[in-house]
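Please see the structure below; I have some questions.
Each chain carries a letter (A, B, C, D and E) given by its place in the written order, and its residues are counted from 1.
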Amino acid sequence: DRIKDNGSITIGHREASIPFSYLGANQEPVGFSLDLCEKIVAKIEADLGEEIDVNYVPVNSSNRIPLIQNGTVDIECGGTANNKTRQEQVSFSVATFVSQPAWLTMSASGLKEAADLKGQTVVATQGSNAVGFAQQMSTDGLDLNLVQAKDHAESFLMLTSGRAKAFLEDDILLAGLRAAASDPSTLAFLPDSYDKIYYGLMFAKDDAEFKALVDGVLSDMMASGEFTQAYEKWFMQPIPPKNQNLDFPMSEALKERVANPSDSVE
Amino acid sequence: MFDVLFQRGFDGRLYLEWLLSGLGWTLALAFIGWWIAFAIGVLVGVGRTSKSRVIAALSRLYVEIFRNIPVLVQMFLWYFVLPELLPTGLGTWVKQLPPPWGAFFPALLCLGTYTAARVAEQVRAGIEALPQGQEEAAAALGLSQLDTRRFVVVPQALRLIIPSLTSEVMGIYKNTSVALTIGLLELTAQARQISENTFQTFGAFASATIIYLLLALVAYRLMLWIDAKYHIPGTSPSKPARKPLFGLFGKRGAA
Amino acid sequence: MNQSNANTNVVEMIDVCKRYGTFEALKKVNLSVRKGERIIICGPSGSGKSTLIRCINRIEQHDAGSIVVEGQELTGAERDIAKVRREVGMVFQSFNLFPHLTILENCTLAPRRARGLSKAEAEDRAMHYLSKVRIPDQAKKYPGQLSGGQQQRVAIARALCMEPRVMLFDEPTSALDPEMVKEVLDTMIGLAEEGMTMLCVTHEMGFAKQVADRVVFMDGGQKIEEADPQTFFGAPENDRTRAFLQQVLH
Amino acid sequence: MNGLDFSVVADALPYLWKGLQFSLTLTVVAFAAGLVLGVALALVQHLEVPVLSPLAKVYVAIMRSIPLIMVLFWFFFLVPLIIGAMMNSGRPVPIGGLWTAIITFSLFEAAYYSEIIRVGLRSVNKGQYEAAKALSLSTATTYRSIVLPQVFRITSPIILNQTIILFQDTSLVYVLSLTDLTGAASKIAQLNGTLVEMYLFIALVYLVICTSASQLVAVLRKRTRIATTR
Amino acid sequence: MNQSNANTNVVEMIDVCKRYGTFEALKKVNLSVRKGERIIICGPSGSGKSTLIRCINRIEQHDAGSIVVEGQELTGAERDIAKVRREVGMVFQSFNLFPHLTILENCTLAPRRARGLSKAEAEDRAMHYLSKVRIPDQAKKYPGQLSGGQQQRVAIARALCMEPRVMLFDEPTSALDPEMVKEVLDTMIGLAEEGMTMLCVTHEMGFAKQVADRVVFMDGGQKIEEADPQTFFGAPENDRTRAFLQQVLH
């Protein structure tokens, strides 16, 4: 395929998707997903028997899918949720992470549960699937005033500056943002839990060969325990650039997927 | 290609309705923003040519600040920083305006004040392009400085710059798209949202683009009409001073 | 002609100097104009003619010396300057009509705003003076729709509408096509015959001979010669005057 | 809000500097390419070249009517697809963000420059063309030696002003995930939550750069005014 | 004067018509100019004088009739037009010097580009003609730094540098201040005395009397009268001519 022809692969990475894919101390892309991709690249090189060039292209939530579609990016190593609509446009690897959407609020606001949000202003990041999720909740009767910020940092700023009462995003991303805040204790999660979301690496649709390769590498890692090691490194230990520790143990759901790798979204 | 417009989004509305609501915000921003820009622009532009040093310097300061920072950055400052500078009560009230008003007003102020700086420069250029003799003649007739400006200088300067104001009108309506960065769902944002929901990028963007083109056409025709309406009888419409700097479709006067 | 009231000087300039940067445009010029006098000013380009008459209604400010117009010293407050300007009419080489106003509006603006006339009064007065310059029928048109000669006559009417005591003319005919010069000069001759005090910069020597009480010749910012027309054209004292007249009357 | 921490700005300076360099590079490249193309577009219209002239007119009109963000989206998402389809390669042909930015900005600016040049061409006194004709200069010589030098003189302040706007507009490359000055600032901000400090700082940087540049324009304008008065 | 070679007509216009839209600027004008002749064209504004001479070097294209310059019919290919233009020099009312080039560059551009002269040759020639119009010392300056009279003399020199057979002048002195008119007219008289074939639109009647072989009077796009200066100024045949002369010679 094209990677063979060009002798190069283009990896899409995020810039602030902690700890999956973000800019480290030297503004170089680092993260959990990038470690996984490294293995995939190694596998491709082994298969081809030659070195390939690796290009990194930064992507954001609103352009990652079009960029996969138009071929600018071969594989996105971020934290992208796998779902049915997206599957019509692109393909996903077996799940590499399982998260749940959650509400982050200011502790001082006194909100206790999602139902308290009725009629309130909430924020989600443009292009993330939390937008659709919030809209869904709204039509289901929660009646939210949804605003969309340009990126997670601005969404977070909307929350902390009081423009929005709550920020809806995947729990792991919120944990990252909260950990980076000057005083994490001022922020609190609402207890409500929602359907699980399966993350995967994302690449172009209808390339069975490539998908098989990616899934193969990931399954091998999961079987050998390498995957769990990588998880520990990024989720349980201090990570760059500020050496904070997310302290986010592997969920039961993910353990289950590690035991039985799958790209199912059910 | 455009069949996407007739599909329904999660909220049960046609995507066409999404686009039209985006168009509504775009138009509201552009239209109201323009009058803010025009009012401030004329005042500051006249201030720029004032004989009073203080007024001239203040006007200059305004222009330099507001036109030399990218709209994108100004948008951010209006949205996130301004409420923090206001007294706490007012700031909180601003921040808790229900959407989309919470984004609309900062965007409006941002575009209005930014465009005003550019209008002010045009007004100044128009005033400076007037023959020296006009002010002299007014002075020689014993008109006060204020009357000279009001009855002689500004009416002529404004007529002179209608073509370049056209470009500012176009500018403000195009800059409305920057408001999407603070979460206002105007036309471009809606197009993007549709494309994200349906992945029919081409159809969504093409529809929005066509709307923008039509809008530009309308804005341009409107300005031609205004130009014709305020055209001074007996002066040639293509005098070199009346630079059709940003004439859009074909030659001026072809309308 | 009007030598009787010799001490009612309408304009009195004493040692007037004017500098642009380091360039001296006027060097100690003295000139007094009595009521009803017609003064013609001529001289080569750049000699300071325009500067001289523009100082009289303070469109330019002089740097030294004194200028007294109608008993009012021209160094006073803004208000006083405005008062002087109301009494001094000025006609420019390039007409300087307000192109966005009709002829009538051109003529009524200043009387209404600076003299406080009502609209009706101002319009009556405007029509009176427009008839005087023989273009009352053009009142509703815009300046751009008139010929140069007509425009200059409107400019004269506009100045007259303020009913000034003195009229200043700065080369009123030199921007006109030759066949329009006469209509403007005729208008000015009419004014002169009615006894208007006039200072006029012009190269129209025929006109000068016909109407002038005195001719002033300027060169290099100085008044070189001042004489009645017969003496001036017949036997000019100064070499520079002679050289100039030779050029202009070629 | 209280207690802004500008120390992060100092730490981020090298990265911001890289972003600024990108903004400047993009500006310079788009300026050069846009000007060349803009002159061509303007000449084609001025000389009323059949076929090309109306095409140029439509091109300029369209470019000037669409927001730059929209144009960037088009080029970024769709052009690879279109080129791919045109080349029958079956696959989209990727154009990197950098090239997208350069191409988009050049093409976009060309439309604006061409309008400026076109007006400049028209404001050159008719007598200049006539004098050149009377001296039997060829059309090419007339434009190269007589008309264009005067046009550049007349329009250079306006062109520079437009270029300042171009420099500000480079902040929109965030939609391409490129890292210009604004992008650099917002990325740093995302990592350590200092958006306000970062934005205030880059506002200041833009202000200083653009004000100095417009100062230069003012000087130029004064110069050209003297040069064109006789 | 130069009536001997009567059949070497440098310019021959037969029934030339020119329309702007529906407006007829020239209506069947006939004119022939012999080598060495000096023709003065006068008439009221808008009568078609400029149009007439601009047709001769095809800055305007005529619609009907024929114009033959130096044996070359002016309907031919672009190349031939260029050839004709090289032989016809033109001086405009508003000088039309190239403001971004020095005086010397103004004068050398066309000889180098259209006549293929080397830089040195062109400069020699330019200095020759600049001396002729008495401003060789200004060669390094830019047009904006010269007075109007000097600029017009440069324009004459620039045209002469192409060594044309005919010179066309379109009101060369009417944009000048009065005291500069003479220096330009003197230059033109010098040219006339050297035998240059000249067509000149002007209202300078003194000049016309002095140099003209023939005076042509135009009105409403037609040639109304054509006569030698004595007849023209002494006993004009046509009423319109008389009316015009009365206005101009007031």
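Observations, loosely collected:
The rule is simple: a contact is a pair of C-beta atoms (placed from the backbone, for glycine too) under 8 Å apart; a residue touches a chain by one contact, two chains touch by 3 or more.
The model shown is predicted, which means the values in this text are computed figures rather than measured ones.
Between the contact lists of subunit A and subunit E, the overlap consists of D. Shared contact partners of subunit B and subunit C do not exist in this assembly.
No other pair of chains shares as many C-beta contacts as B-D. Greatest centre-to-centre distance from subunit D is found for C, with centres as Cα means. Averaged C-alpha coordinates put the centre of subunit B at 52 Å from the centre of subunit E. Annotation: 37 Å between the Cα-based centres of subunit C and subunit E. Averaged C-alpha coordinates give centres for subunit A and subunit B that are 39 Å from one another.
Taking each chain's centre as the average of its CA atoms, subunit A and subunit C sit 83 Å apart.
Multi-chain contact residues of subunit B (touching two or more other chains) are listed as 80, 84, 180, 192, 201.
Within subunit D, contacts with two or more other chains are made by residues 1, 77-78, 81, 174, 195-196. Residues of subunit C found to touch two or more other chains are absent. In summary, the structure contains touching chain pairs A-B, A-D, B-C, B-D, C-E, D-E. By the touch criterion stated above, subunit E contacts subunit C in their complex at residues 44-45, 177-182, 185, 203, 206, 244, 247-248, 250. Note for the complex: subunit B touches subunit A at residues 10-12, 80, 83-84, 92, 95-96, 98-100, 102-103, 180-183, 185, 189, 192-193, 195-197, 199, 201.
Residues 62, 65-66, 69, 85, 88-89, 121, 123, 126-127, 131-132, 135-136, 139, 145-150, 154, 157, 161-163 of subunit A are the ones that touch subunit B when the two sit in their complex. Those residues of subunit D lying in contact with subunit E across their complex are 125, 127-128, 130-131, 133-138, 141, 145-146, 149-150, 153, 227-230. Subunit C meets subunit B in the complex at residues 54, 57, 59, 82-83, 85-86, 88-90, 92, 94, 96-101, 109-110, 113-115, 141-146, 158-159, 162.
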